[in-house]
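You will see two complexes here that share chain A, one where it goes with chain B and one where it goes with chain C.
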Partner chain A sequence: MTDRTAPTGRTALPDATAPSRARRRGVAGWVDVRGRRLGGWAFILNRVTGLGVLFYLYLHLLVLSQLAIGPGAWDSLLKNWFLNPVFLVLDVVLLAGLLIHGLNGIRVSLVGFGLVVSRQKALLGAFGTIGAIVLLIGTLMFISHGG
Partner chain B sequence: MSDTVTFRVHRFKHGDAASHHDSFEFEPGPRSTVLDALTAIRRTQDPTLTLRHSCFHASCGTCGMKVNGQEVLACVTNVRELGTGEVTVDPLGNAPLVNDLVVDMGPFYARLNAVERPLVRESELVTGARTASGIPQPLRYEDCIECGICISACPIAATDPEYLGPAALAAADRVREEPRGGDVPFVLGLADAPHGAWRCHVAFECSEACPSNEAPASHIMQLRRSLIGRRWRALLAQPVGAGR
Partner chain C sequence: MTGPVDELRAAPGGARELPERWAPEERDTLPGVGWAWQAITGALVLVLLTLHMIANHFVVQGGLRDYQQVIAYITNPIILPLETLFLVVVSWHGLLGLRAVVFDFGLSARAERIVTRVFVVVWLATIAYGVTLLAILVTRP
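On to the complex of A and B.
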């Protein structure tokens, strides 16, 4: 039994340390897209892009470490890797991830502190539109610089 | 689409190593609900099928389950309107599984009890309402029907077994809004904890899934605003130099 009466006469919370049959899905529950609505998708994307941006941060530091080797190593990296079309596509993916995580983060912060709660869906739509426009402009810039 | 719908129903009996789905054929009428289908299947095809239900009109909250992956009340979910020839029915998530479509609601109810929410919304009672002879004064109950759909839909509850959950936090906010003799500081203290209101990550799945328009997520955000104010007031009330 998880329900019990505390000495104060109040109902205590269930004992979370007791063996659970609760069928919690764990982290899979965060990314399970079945039946999810708009806010659920925003939650999933925020988690996935958060991990992606974290991975990129370490990758970025690794790449920057080439500067310590010398200008030649850095120039070679730029020429042989970063102007490659595959990397330009990855740049677009990175920008999309940053926009999703950043803009949704602002939405979550605002709504999470009790602001614009009743308009949170409209806020999601507005940030989604802003993100799409910035992503389009960024993609065009990547293409023009890469070509 | 054929008139017959295949129901893939979650099955689990005490002692089973794992759960599975059984398929049943059901021919729905234009107004058949998922609950109609499941009770017909139990009556005519498999009397061992176990599910909870009571009122058949979205009032008791006992027939909450997942239909095609979404949390719904089976009694008001029209089979035809689902638009699929195959309907998958699963028990609510984030609750201990008991049998087939039945989960243990004990931990969920314990959380609701912990926040000590009164059931009657006194602020909206129509005290002057005339009733027929022998009929007692009607009461205005809280919106939450305690179905557990919100905590099943909540992604945070998937990983945090100690999370108070949307229903209990919404109930805590109702106590804050309308104490009715309740111990508001105690309830706010429960909510202002690591596994309380701050654990929510604003997915709003609970509000989307809620069948009685309780809007738990909005209550959680209102609760947070109140908790922020409470913390500021506590901070400002400290004498200068305290805590050094």
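On to the complex of A and C.
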């Protein structure tokens, strides 16, 4: 099924295309740090941030139920909890997770669909820079809103 | 056939080893479909989430919407369908991702089918919950 003669095929670079027997399975496989290259770290980070944001999503949906209870419930929640500096720090953490996951997701999508494959390091650098700038701006905005 | 996965594997800086679902030629079920959905819904989430964060967080006086401001926001006829779509797409993307993580534990084909069904149910329940919430808020006098 695989075209063995294709220039970029699996036989072109044997070291990068280890046979599936070497593929580690289970949790031990994806948190195993031995011999990881940059792409491997990006993969772990993507997974951790993705799961973290999914956890946030369900927490968020639960908290939104206070809206259904009424104006009093929601507004006192804001006043007593969410406008607190501790929550502003959590907001920065959330934003950082979203940026890491989202930008890495675009990177993986581009490469996965066969685009920008030859300039992957440059792509990573560009996205890292964009992410850092947006995080900085976002943090400044959180701070200026104040608790 | 040489797919994008092969190119990625061969590319400098690419992952040394890729998770199972990245290797469609080695699987006999639905090659790569899950991954393509992950990428497509990811792109949609990016757009809708950016809107969501800016509208609910960054442009609001004080940083968070109070009750009246939330109601004013979601009763907007353009915003309501967009927020509903966001709910549907982001929960799909997140649960599909979690499913991929679960599959990486190495399940039998039967277990994979069960997991998939459970996730579809969770997804539908999430939508039901979110839509009910929005409906309560929008129709409240």
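Everything that follows uses one rule, which is that the second predicted complex is superposed on the first by the 117 of 147 C-alpha atoms of A that agree within 3 Å, B and C clash if a C-alpha of one lies under 4 Å from a C-alpha of the other, contacts with A are read in each partner's own complex, and residues count from 1 in each chain.
The definition used in the following text is that a contact is a pair of C-beta atoms (placed from the backbone, for glycine too) under 8 Å apart; a residue touches a chain by one contact, two chains touch by 3 or more.
This is a predicted model, so every value here is computed, not measured.
In the superposed model, A:Phe142 lies in contact with chain C only, and not with chain B.
In the superposed model, A:Asp75 lies in contact with chain C only, and not with chain B. Comparing chain C and chain B on the residues of chain A they touch gives the larger count to C. By the touch criterion defined above, A:Gln120 lies against chain B and chain C together after alignment on the C-alpha atoms of chain A.
In the superposition on chain A, A:Leu51 makes contact with chain C only, not with chain B. In the superposition on chain A, A:Leu67 makes contact with chain C only, not with chain B. Across the superposed pair, chain B and chain C both touch chain A at residues 1-3, 10, 12-13, 16, 20, 22-27, 29-30, 35-40, 42-43, 108, 111-114, 117-118, 120.
Interface residues of chain A, counted against chain C in their complex, comprise 1-3, 6, 8-10, 12-13, 16-18, 20, 22-27, 29-30, 35-40, 42-43, 47, 50-51, 53-54, 57, 61, 64-65, 67-68, 70-71, 74-75, 78, 82-83, 88, 91, 95, 98, 102, 105-106, 108-109, 111-114, 117-118, 120-121, 124, 138, 141-142, 145-146.
Across the interface of their complex, chain B is touched by residues 1-3, 10-14, 16, 20-30, 32, 34-40, 42-44, 46, 107-108, 111-114, 117-118, 120 of chain A. Within the complex, the chain C residues that touch chain A are 1-2, 4-20, 22-23, 25-26, 35, 39, 42-43, 45-46, 49, 53, 57-58, 62-64, 66-68, 70, 90-91, 94-95, 97-98, 101, 104-106, 126, 129-130, 133, 136-137. Residues 66, 68-71, 93-97, 104, 106-107, 109-111, 113-114, 116, 153, 155, 157-159, 161-162, 164, 186, 190, 200-205, 208, 217-218, 221-222, 224-225, 228 of chain B are the ones touching chain A in the complex.
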